[in-house]
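By written order: A, B, C and D. Residues from 1 in each chain.
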Amino acid sequence: MEEQENKAGQSAGSSRRALLHEILFESGTPRGRWTDIVLFILIVASVVAVMLESIDTVRYRHQDLLIGLEWMFTIAFTVEYVLRLYSARYPGKYARSFFGVIDLIAVIPTYLSLLLPGAQALIVIRILRLMRVFRVLKLVQYSRAGIHLLFLLQESWKRVWVFVLALALLVTTIGAVVYLIEGPENGFTDIPLSMYWAVVTLTTVGYGDISPQTPLGKFFAALVMIIGYAIIVMSISIAGRHIKRTIPCVRCKETKLEKGAAYCKHCGHKFHQH
Amino acid sequence: MEEQENKAGQSAGSSRRALLHEILFESGTPRGRWTDIVLFILIVASVVAVMLESIDTVRYRHQDLLIGLEWMFTIAFTVEYVLRLYSARYPGKYARSFFGVIDLIAVIPTYLSLLLPGAQALIVIRILRLMRVFRVLKLVQYSRAGIHLLFLLQESWKRVWVFVLALALLVTTIGAVVYLIEGPENGFTDIPLSMYWAVVTLTTVGYGDISPQTPLGKFFAALVMIIGYAIIVMSISIAGRHIKRTIPCVRCKETKLEKGAAYCKHCGHKFHQH
Amino acid sequence: MEEQENKAGQSAGSSRRALLHEILFESGTPRGRWTDIVLFILIVASVVAVMLESIDTVRYRHQDLLIGLEWMFTIAFTVEYVLRLYSARYPGKYARSFFGVIDLIAVIPTYLSLLLPGAQALIVIRILRLMRVFRVLKLVQYSRAGIHLLFLLQESWKRVWVFVLALALLVTTIGAVVYLIEGPENGFTDIPLSMYWAVVTLTTVGYGDISPQTPLGKFFAALVMIIGYAIIVMSISIAGRHIKRTIPCVRCKETKLEKGAAYCKHCGHKFHQH
Amino acid sequence: MEEQENKAGQSAGSSRRALLHEILFESGTPRGRWTDIVLFILIVASVVAVMLESIDTVRYRHQDLLIGLEWMFTIAFTVEYVLRLYSARYPGKYARSFFGVIDLIAVIPTYLSLLLPGAQALIVIRILRLMRVFRVLKLVQYSRAGIHLLFLLQESWKRVWVFVLALALLVTTIGAVVYLIEGPENGFTDIPLSMYWAVVTLTTVGYGDISPQTPLGKFFAALVMIIGYAIIVMSISIAGRHIKRTIPCVRCKETKLEKGAAYCKHCGHKFHQH
């Protein structure tokens, strides 16, 4: 479909933009594929560089190399961002899209760190330096599976919401009860910390940094663990049941019937489904 | 259906009650929706206030503000409770319902704390203060999903019961065996504590506050962990199998049919089950 | 069916045995139900007594009461065992059955402890005392769900076996690798202990009593955790796929077809299933 | 099929090779079955010997026995390997296959340890000694279930890949954020270590060797735990949904049909899919 735009008689600029569009946005073509592979390697390398920079011994020994690499990555991603803006059908739409924002966030921090006076805003610089890790999110667009996953998440949003609401109610009440049973003298200094303990226990993580000391607290903790464990094991059987979604028979109205049945399995009534 | 009751010729009191009923009980109407949103915010704010109050530094600095807020919330929920009682079709039924009891529990503790002599019953006051956290349960009624979840739980009650019974047997025997292997000299001071360890291990929480010291104890602990892990992984395949339990139709023999069907859903043949 | 045996003209002994059989083995009849409830309470009470006895402070304070209760429970279960042997259709079969053996184990330890010289065999006595906890397994027979669970376990034996074999291979290789990486100097003193760590990590229990100290060890541990976590999450999707178990079409042989289909969805061939 | 090759008139060497092939490669025949059982016991025994050797007290006490056993196992597995090479249809193909490589790795380390000067290369010797544990992988070929599992893994490779990619993105971003919140002063010394913490928390393992100290860090940790827990619980309902994706048949309209079907499985109507 795209090739038809690229007719003879068009200006050189237009054909250059069409070529760039192919290279940057179309993974299906051989040229687009090569750009993907090069960018994939650049992204992974830049994220690894940020990680290594965070290790003290590595930073002190290889500071110059890491700064050099950082500028190389930043310039490469800046060129990519500018070319994408230039070649996109709707530059404004690209700039506001998820991947447009991620592409911008991938280059801004390094430039901002130049503008800041070195010794003063250490925390801001640390935050900016770390933000470069989010370049890893650029990888999502090179993976069909990643996009599929985002889509699935969006579709099951309602289920996620029920799950989060139910968990919030559980964690709040469990946190309050354990705070009452154990109290500040056993390490449960306030309700928010007790709610943190409730999450640690309910999700079966179990750090052990705070744990109940009294017999009653241990009994209650055991209950909470069983609830958290049961949610996993039980949700399997509840999920299994959802598959049997049925509709009522218009004649006998007594049993709910499976979709796809030609006759009511209770009264033998023939269905006319719409 | 409700609008028909609200005919001309009725007394002003009756129409006022009908209006209140709409505002407080009917989430479908615009007025009812606004009440829901306001109450939702009030509930969340009051629960957050109780949480903040439990943090020592916050309580000492903002004591007056917190007491003021507490009375504001209590009066608001009291007004809500009284109006609900007044406008409900069957006030007695509402008062005894799940949400009626929760609505009452949301206001009682603050009033009770007035009647108690300040310095004496500190523990009772702490319990009362904490009980206000249960206001969070008022949220359930504003969420269709919450009610759906309660319904699902009620339906799968039998499965939950089997699960709890099986877990109780496992935890008791595991607790006794580990108490025998490790004994009081390795931190497993009695059977109830050993059962607590069994729950911590079986549910894959794993605090690490008590852990086996002897080689035999470690081997047994590894077995318990594998059982707990297998229950999760295995229950998935067992749940998968439940879907398939079918018997063949004697006439058409083409489809396998669900147990409990009176007629073949494929050819309409009537079954004679034993 | 059973009532027909109980005809007039039979000896008094035979009718007494039939009555006992009804009381002890038939949960469906009112009399059998009462026996079930009484025995259920006795079993739970006797297991709770063993648990309390294991707590030092409780044992010293209530020694006489606990010994008295213990003999009461033992005599009750002995009477039950003797009556069951007397009234069973096939006494030998009952004595060798799962529940027959459990019923015997429930009474033997108390009698054995009489035969042993008090001060000498302390460990043996502790084992015998603990074995009384297994009385809890007597509960299984009073629960239809428990028997259903045992049946399910038996049916999925093959899957459990695959799971255990795969886990054994994983744990052995992981244990050997972590022992190589971390070594005795970091707490991984030998391969069996390293395998214990592998189980603790793979099953997501995570006590933290032994944990990797070197960067390479931590990287490997992260891999192991992801494998353990993936087994749970992945087995769900693999289990989901098993439901689509299909049979090949005899004509086109190209696609595998769902059981229950009347026509091949690929070539339209009509099936004649057996 | 194999017996036909073994005709009269062939040389004795050829029939000897055919017999060896039956013994070593064909589990279906009685002779092949016996070889399997003997080799199974040898493998398990040799792996147990390596494990015991790693325990200091056992090694010092039974050094001579362990060295003797080790040579016995090595010679047995060498004979097995040579005979397999000799009797295989395509020796080169066997040598390069998964099990061929495993069979070679099972014997090489012991011979290599002879060539190395005793005191010098201790670490290399330790690695070689440990590699003998991988003999356990030889077990896979004696289990139909093991091969089935390998096949399932291969088939679900794409899902595993999506899962690993999603986890890598999550772990990288979570690690960077927690490093920012907690920092080196709370034990999160660099990003790789913070990513290790992210894996420990996300997979619900929860060692507790590193855990957040600040209130904000604890809040974020609670979020991470809920994500890890939700992935397990949610993937169940998402897996459940995949089963239901169907389209209605245009002719009979009675059953919903699977995507990819060429004919309606109910009425035999031919589909024209786009």
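Before moving on, here are some points about what is shown:
Methods note: a residue touches a chain if its C-beta (ideal position, glycine included) is under 8 Å from a C-beta of that chain, and two chains touch if they have at least 3 such contacts.
Note that the coordinates shown come from a computational prediction; the quantities given were computed from them, not determined experimentally.
Of the two chain pairs considered here, B-C and B-D, the higher C-beta contact count falls to B-C. At the interface between subunit A and subunit B, under half of the residue numbers appear on both sides, which makes the contact a different-residue one. Distance between chain centres (mean CA atoms), subunit B to subunit D: 41 Å.
Our note on geometry: subunit B versus subunit C, Cα centroid distance of 29 Å, whole angstroms. Contact with two or more other chains is made by residues 192, 195, 204-208, 228, 232, 236, 239-240, 243, 266 of subunit B.
On subunit D, the positions that touch subunit C within their shared complex are 47, 50-51, 54-56, 126-127, 130, 133-134, 136-137, 139-140, 143, 145-146, 148-149, 152, 156, 159-160, 163-164, 167, 192-193, 195-196, 199-200, 202-209, 228, 231-232, 235-236, 239-240, 242-243, 257-258, 260-268, 270.
By the touch criterion given at the top, residues 204-208, 236 of subunit D touch subunit B in their complex. Listing the residues of subunit B that touch subunit C in their complex gives 158, 161-162, 165-166, 168-169, 172-173, 175-177, 179-180, 184, 189-192, 195, 201, 204-208, 211, 215, 218-219, 221-222, 225-226, 228-230, 232-234, 236-241, 243-244, 253-256, 266.
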